[in-house]
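Shared between the two complexes below is subunit A, which has subunit B as its partner in the first and subunit C in the second.
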Partner chain A sequence: MLENVLNAVAAGLIIGCLYGLMCIGLGLIFGIMKVVNFAQGELLMLGMYVSLYLVGGFVALGILGPYIGPFVAALLAGPVLFVGGALLHRFLISHVSGLSIASRTETGGFGQLIVTLGISLILQNGGLIVFGSTPKSVLTPLSARAFILGPFPGGALLFLNQARVYSCAVAIVVAIVLWLVMERTRLGKSLRAAADNPVAATYMGIDVDRAYRIAFGLGAGITAIAGGLMATYLTFTPFVGLDYVIIMYSGVVLGGMGSILGAFWGGLTVGFVQQVSALVLPPQLQNAAIFVVFLLIVGLRPEGLFGRSAERA
Partner chain B sequence: MKTPTIGRRAALSLGGAAALAGASRAVAAPAEVEIALLVPLSGPWAEQGILERLGAEMAVHDVNKAGGIKSLGGAKLKLLVIDTGATAETAKDAAQRMLSEHPHLVGGMGCWLSTFTLAVTEVTERAKLPWLTLSYSDAITDRGFHYIFQTSPTANAQAEQIVPILMKLAQDTTGKRPTKVAIVGDNTAASVSFLKPIKSHILKDEKLTAVVDEIYTPPLSDATTLVQPVRAAHPDFVLLLSTASGDDKLLADTFSEYGMPGSKMPLIGNGGHWVVPELLKTTGAPILQDIMIGLANWPGKDLNALSARYEKRTGNPWFGHNEIFAYAHVQILAWALNKAGAANREKVADAIRTMDITDGPAIYFPGHHLQFDSKGRRVDAELVIVQWQNGRPVTVFPEAMAVGKAVWPT
Partner chain C sequence: MLEVRDLSVSYGGLRALQGVSLAVGPGQFVTVVGPNGAGKTTLFKTICGVVPAAGGSVSWDGAPLLSRPASARAHLGIAHVPEGRQVFRTLTVRENLEMGAWPAAGRARWAQTLERIHTLFPILAERSSQLAGTLSGGEQQMLAIGRGLASAPRLLMLDEPSMGLAPAVAEAIFERIAQIHKEDGLAILLVEQRVAEALELSDRGYVLETGRMVLEGPYETLLADDRVRRSYLGLGEA
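Entry: the complex of A and B
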């Protein structure tokens, strides 16, 4: 029994960190721009495919081998999707978000929902045309290997999947770097200012539209890194985003809308609940357990688990 | 007595009438006969549909190259390939669209996943469209439908067949009968059907105890909580009743991670998704080594020439479960059209219902016998077992089809 508990808790925390990184991407976009992005799952999917093609198509990554190459590719998927996200913002999202739209309360929100939903559908079906429907995976032997810890009392062993452990470590480092950028740099301050009070930020000389573009690019890039990391142990198709977009929203709402740290903790909580619930519930109710916890928290703490204590973006 | 004679005018009239009748018959015979393949081409089961499409396309090519449907004046087959999408609802919508846009369809096949087939055949049955399926769920042919023909042994029948075979194989190899089995499966219709007889009587009959019984909703995002209890329970073998190759990879990887790869712990999968080329690419040969899979069909050594032609045509490494079923289904429809002599749904369905053959399309099934019972199930449908050996699925059962020897991991 101890072994089951240990392994479920460890798997929950490790997967939770990846969910956390995924949620940060969405949290950034919502926290700074107040845009509900339905296409976030597809940005995750693009991160997976970019990572796959970087590993397969670049000699430099090929030289790094199947142990390091996939993780470097996942990190490189971030900048690629940052540019993609910024372009998406420039040509589409900016028309339904930002200062000028925020004041038009009667239409602004609806426009965002429809545009991001449209982008989601285009990316899914465009992905189907470009990438095909055959399931893919970034092949690494680490996905089938474990670090084995123990024995613990009763002879219990703890198995930590190597691909997920390395992915989790990368996710934590990326989350910390992002947090430092947001807290300690001029760019972070301008993003937070644009989030808190875009009008005042404009008066202070901050280019709010540029800040929003960077925020959208960052949100896309961070989620893409999470996608690239998950691609090391999961198979994926152009429709994979659908499986994770609900998890992302649950994590962001659980952690507290608008809070980046909260989004990470929210994602971590979702992963933890998903895995640990299987100890007492049938595995087919894993996702139902997430929503029970979600409803409980929304009912008891509508501002989210970390809505007050966590710092706003 | 005067012999009745036909005058010159009467003879000319009769000849003209006969010529007109012949001409009208020639006009009635269509230049093309439409048949449909409705399978997932997007979503988690897309790979299965793509492989079915490749098999069906080759069969249509072969039928047309051999002169088409002879009783219809050499009419060519035209294959309509339609995507079910990723859910039962989209599959049903696709079936409705298919029927409204193609009123001259005379038959069809699909939809690979039992859950989709159950939904789609509600629509095709109303339209009296003869429908061939490889889907495993017993529920498909338990509803009293008249236009559905299930060419695979049902999941229930497969479960009845596979467990005794495994028990014997284990006993022959290890010298003792297994007593503990772990069951890990999803909650789709085929898996549920497969498990029903196992839980109701097979375990008891075979003196087996299910030490783990974990059912999940696909797709999996992690298999730790499914595999960890298996490690703790030390079963003699594991039944893996997944239905998506993404889940297969995750399960195979996780069993390997927990020190129970197929080469050490007997892992028994079920269904064509376990033997698709893409699984080899995403998982790798060492992780799949020795995993055994129960299948409703697989080309035996007597179909080596057909397999080689398919491999050359498509560039795929083998002619497998999904491909041979689709190939055989097209051949069955062509045979039925030929026998019916009309591009008419009712007549084609009748031809399939009354078929009892050991040649023609029958050669694409184990046992080489093609006949359907009153429910629409293939009579004497036999199970095939293949095993991953050195990066290839190798037929190991039945002996008449086997090209390799089964390995029971110890």
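Entry: the complex of A and C
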């Protein structure tokens, strides 16, 4: 029993960090830029496939090997989807968000809903045509290896899947780098200023359309990196995004809208609850457990676990 | 420096401004006064490129301004302190000022301007790491002005800086504006409902009523005008 609890807690924390990174991507787009993006799950899916094909490319070229290759591929999926996300924003999403709807906020949200839902469906079914329906996974010997810790008192052993452990470490580093960029750099501050008050940001001389485009690209790229990392330990199809889009939204709302750190903690909480609930609940009810905890936290702390109260003032 | 000529603006068929002209020269203090709904804020928003003009022209240093994107103004040396302050509530006071210094000119002179802003408004130094949303109305107005100054502008446009402030606080804000004008030689274009205080500070004033300039001239001329005395200053015939 102790062994089960120990392993579930450890898996929860490790998977939680990956969910945290995934949530940061949506946190930028939904929490900060206030764009309702239903296609976020598909950006995760694209991250997985981009990573898969990059690893295929590395193998064909005979570079990087099966240990480093998948992680480099996951990180490279970031810039690829940054460009993809920025283009998506430039040609579709900018028409239903930001300055173009600043003067008609009461109707702007609906446009985002329909446009991003449409993008989501196109990417799912386009993915089916391009990638096929066979479940895929990024091959690395690490997926089948575990660090074994212990024995702990009572003879319990802790098994940590190596692919997950390394993915988790990379996710934490990426999350910290992004947080530093948003908090410390001029670019990051200008993105926050543009999200806070687009008209005032324009008066400061900030090109708000460009800021929104960059933020959307960053959000897409970060979620894609999370996807690439998760692809090292799970199998996926073009419809994998559906499983995760809800998790991302609950993580972002849990953490408190508008905060990068909050989105990470929110994602961590969701991953933790999901894994630990597996101890007592059948697998079909794991996502239900997430929502029970979600409703509890939203009921008790409507501003989210880590929401800044000034934003609500 | 700034020249507005024959400017007209319509909101869905309704004329908000009609044939409005005004000019601000280097180092001048110009005030536009008028009642609520006269079009003062519309005039500012049009100059700043947020509201499109239906006719007329705005030029800056002799070059047309209306065709430039709204975000170009700050880079050209025009700082806008908007109506209702519009500080970045979720950013700290310091970050707000840094965003004001977004244009290259502001970045180049950041150290000096920050010191100057802190001298003018010591409270902003004290509250440096506080979120702007937690400041009082008067402090937010000081921050909005400081943020405008941070771009090291040649023209500071102020839209109703006294709005919603207690009289004593508004008085202090006006004193600072006068000080900025005098000591920094900065050109100022002010829109105000508090006519007496505003005109007192300025070299030249304009009176805007229902979208038209009905009167213009130096401070003394306006104060001597019966209409201004009666409608805005609450005084009898001269």
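Throughout what follows, the second predicted complex is superposed on the first by the 301 of 313 C-alpha atoms of A that agree within 3 Å, B and C clash if a C-alpha of one lies under 4 Å from a C-alpha of the other, contacts with A are read in each partner's own complex, and residues count from 1 in each chain.
One rule holds for everything that comes next: a contact is a pair of C-beta atoms (placed from the backbone, for glycine too) under 8 Å apart; a residue touches a chain by one contact, two chains touch by 3 or more.
From a predicted model like this one, the values you see are computed outputs, not experimental measurements.
When the two structures are aligned on the shared chain, A:4 is found in touch with subunit B, with no touch to subunit C. Judged by the touch definition given at the top, the superposed model places A:145 against subunit B, while subunit C stays out of reach. When subunit A is checked against subunit B and against subunit C, the one touching more of its residues turns out to be B. Legend: residue contacts after superposition of the two complexes on their common chain; A:258 is shown touching subunit C, with no touch to subunit B. When the shared chain is aligned, subunit C comes close enough to touch A:197, but subunit B does not. After overlaying the two complexes on the shared chain, residue contacts for A:186 are found with subunit C alone; subunit B is out of touch. Of the two partner chains, subunit C is the only one that A:207 touches; subunit B does not reach it. The contact sets of subunit A with subunit B and with subunit C never meet. The touching residues of subunit C, when paired with subunit A in their complex, are 48, 50, 69-75, 79-80, 82, 86-91, 95-96, 98-100, 102-103, 131, 133-134, 147, 151. Those residues of subunit A that touch subunit C in the shared complex are 186, 189-190, 192-193, 196-197, 199-208, 258, 308, 310-311, 313.
By the touch criterion given at the top, residues 41-44, 46-47, 49-50, 86, 187, 214-217, 219, 221-222, 224-226, 228-229, 231-232, 245-246, 249-250, 252-254, 256-259, 261, 278, 281-284, 287 of subunit B touch subunit A in their complex. On the side of subunit A, the complex with subunit B involves touching residues 3-4, 7-8, 11, 15, 128, 133-137, 139, 141, 143-146, 159, 161, 233-239, 243, 274-275, 278-279, 282-284, 286-287.
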